[in-house]
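Chains here go by letter, A, B and C, matching the order in which they are written, and residues are numbered from 1 within each.
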Amino acid sequence: MKNVFLIGLLICIKAFSADADLATELLKTSDRGRGGLEEGLEWTANIETTENGDTASREFLIKAKKHDAFVEALKPAKNKGEVYLFNDRQMWFYKPSLKKPVSISARQKLTGQAANGDIASTHYARDYNATLEKTEEIGGVKYYVLFLKAKAKNLTYDQIRYWISDKTKLATKVEFLTLQGKVFKIGTLQYNNVLSVGGKNIAFVSQLTIMDAKFNQNKSVITYTKPKVVEHSNAIFNINNVTR
Amino acid sequence: MILKLAYLNLFRNKRRAISTGLAICIGFVGLNLLGAYIYRVKKALDTTSVYSALHGHVKVFKQDSLVQFALKPKKYIFQKEELDQMDQIFSEFSSEIEYIGKNINGSGLLSNGKMSHPILFYSFEPEIYAKSLTQPDISNWAKDWVLPKQIENVDIFKNNNEVMSVTPRIADIMSLTYPLNENESLQLAGRSLDGDLNAVNLELGAEHTTGLQFLEDTLVLVPLKKVQELLGTEGAESISIYLKPEASLAKFKKKLDEKLSSLAFKTESYNYYDEKINAVYLGTIGFLVVMGAFFVFLIGTAVSLTILNSLTMGIIERTREIGTLYAVGFKKKEVAKLFILENLILCVLSIAVGVLLSFVFASLVNSLNIRFTPPSVTGKIQFRLVWNFAIAASVAAFTLILTLISSFVVMKNKSKIKLIDLLNDSGA
Amino acid sequence: MENVVEIKNVFKSYQLGSTEVHALRGLSLKIKKGEFAALIGASGSGKTTLLNLVGCLDDADRGEILIENVSVKDLSENQKSELRNQKIGFIFQSFNLIPVLNIYENVEIPLTIRTEMSPEDRKTKVLNALKDVGLEEYVHHRPDQLSGGQRQRVAIARALVTEPSLILADEPTANLDSKTAHHIIDLMLELNKKRHMTFFFCTHDEKLMSRVQRIVKISDGVIES
């Protein structure tokens, strides 16, 4: 009897740990479609924001390598030359007129609904603890719904609900939650870009739409174009070199 | 004759007259000094609100700006051309306006190249800052609430229009070393009117205190030009109007509101003590009023009871005399007048002594330079009692009214006794 | 001759502990103008009660009192005060002087509420009254600096300063030695003759009876003779 109980317990633990492993594995795979790769990458992101009836457009060139990213504003002209630098989880803002860079937070607003952290490559597998909340079927496709909890305080979001397609292993829907568990922004993702990595083509994010959960007319649409693998020198990610 | 009789009656029972007089005197001194303290704090709050906090006597915003500016700064900021139109209106009030300042307040990050600290920034214009901090009212009323260094800031700001001012607490949080001007520059980051992240360079060198603990780690002063650069505007969020001493605030504001209503854009103006722009003022004054009312109640009750007791005893002792006065033709109101007059004379004499005592006591307390830290205020301030004629006169009037009412109450009760019983009384 | 006081069937009782004392039981009496009348009777016969009612110091339970043909029954407290000030003077057994005031001021007291009177008139009347009682040299003395007889003279001066038509005195000589008592009665008689003032007073002093024009004896709350 005692043995039966132990075996039951072991099966349960095993099943739970298998779920957690699956969630982490799914997250790792889905991160690749959003720039979470070991290789150096480069793409352009155009952000169209509609907020309280006003529209604005921004364009950034993103150079990413592993956990670092160098984001340079291209448009509008007045912002040209402004740089957002991601060093692991540390983030900096710099523009040529500044004597020193400004340490900023990933969760601060970049523009419209987009936070600073949304512009760079995604490393959710590194930054969040994932659990499989449930599976759902949408349009005949099975989706894993993961619940992500931030491992550190300075991350872009405290909690995320993440829909990953079983078919593509890519995330297509995301809910951003407050620390209290309230959904405050909703995102949808598309993967129409193709990125050639080591001779293999992988799907790469082409659009991320982030809407205010309460006022869905307030939204930012990030369009990703010209993604490519590029060999970056580590020097471009050094804040001291940026300010020189 | 009645006055003389009332006066002479005071000397019948000297000990009681002295103890009653002393109670009135102490009550008067207590209320007067309490009034002096409240008056001092109110004047200090007035002065710091108008000049140190750069609110001016009247602050003008775009309508709904108080709530909406943080959300839609572009819509609620006064644009350059709107400021020009308002200047036209202000020029019509040259006999009342001493000077005018512009402000933009907001939130952002203060960064030293290594770390950033979230702050609130208040803008200032060096020449307006200089004028405001050198006002005689500041040295008269709020010397303790303005760091001596802040007065020195006047020259620092004039000489370098990139210098900002930080609090000692922020300097500590950001590991800034003294002297401040030997530190490298700081950067102020914030959102521009277009909603973009922006940052500007600022020089260190000046220091201020907010006077309030909860703002001490938050509030920095930044030159208006730098804030405008940060926000990408030539406009201003609000306009502070500093009035000449002889101007009437209420009349001015009424006339100004009338004139401003003719503009194409809607504005709203606030007095410096308005809760919407200066909650601390109202909170502090509210606290002082409640505290003052409590003490007025306590002291008033003690004085009233003493007068009631003294008068009752006096009447009991002189019952037959009262009967005699009635017998020779005095009416009730004439007898009452005699006793009330007696107490009023005692009250006036006590107040006269009280005026002298409170003046001496206030001088003594002030010369001792007792310092304390009021709740939520940063640093120690001097416990100063400012003797003021208006307060002394009000307290004197209050004490006299209290005496009058107490005397009236006793007389009203005693006048119910039958005349024959008064005459037959053998005296206490 | 005209009546200064007319008392018609007056009743007065009061509570003494749990007992109701009937002080006056249907008493009627007339005092004519210029009379010098003494009210005598045993203790508790109702002398003081009667005097108090005539002086409007107390109210009768029943019956009517007229002072110079004016019924006091329907007068308000203020009207009674005016009546006392203008028509009645009081002399009390224990003088009832105000100790903090000097002699002049004590005599002046009833005149101080007469706002229509000029200060000069007032002064003349006070000095005349003091002269009438022989105390014109004591104006600045206080009551405690005077003898009992002198104090009663002051009280008499205070009573006559308003030139009342009736002076009521309750045992005016009771606190004085017999010699002084004689002098006080002499003075009252002199004023009665000189100023034609009506005196109605109660006394126990048998020696005074012979000098009194009219004796009214009261017994058990009614007039005996």
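Remarks
We take it that contacts are C-beta pairs under 8 Å (C-beta built on N, C-alpha and C of every residue); 3 or more make two chains touch, one makes a residue touch a chain.
All values derive from a computational prediction rather than experimental measurement.
Least step count on the touch graph, chain B to chain C: 1.
Centrality by C-alpha centroid: the chain sitting nearest the overall protein C-alpha mean is B. With centres defined by CA atoms alone, the chain at the far end from chain A is C. If each chain is reduced to the centroid of its CA atoms, chain B and chain C end up 65 Å from each other. The mean-CA centres of chain A and chain C are about 114 angstrom from one another, to the nearest whole unit. Look at where the CA atoms of chain A average out and do the same for chain B: the two points lie 54 Å apart. Only residues 72, 109, 111-116, 184-185, 187, 189, 191, 194-201, 232 of chain B touch chain A when the two sit together in their complex.
Touching chain B in their complex are the following residues of chain A: 49, 51-52, 56, 58, 78-79, 82, 93, 95, 97-105, 108-112, 116. Residues 52, 55, 57-58, 77-78, 81-82, 84-86, 90, 92, 96, 98-101, 105, 108-110, 112-113, 158, 162 of chain C touch chain B in their complex. Against chain C, the residues of chain B that register as touching in their complex are 1-2, 4-5, 8-9, 11-12, 320-321, 323-332, 334, 418-420, 423.
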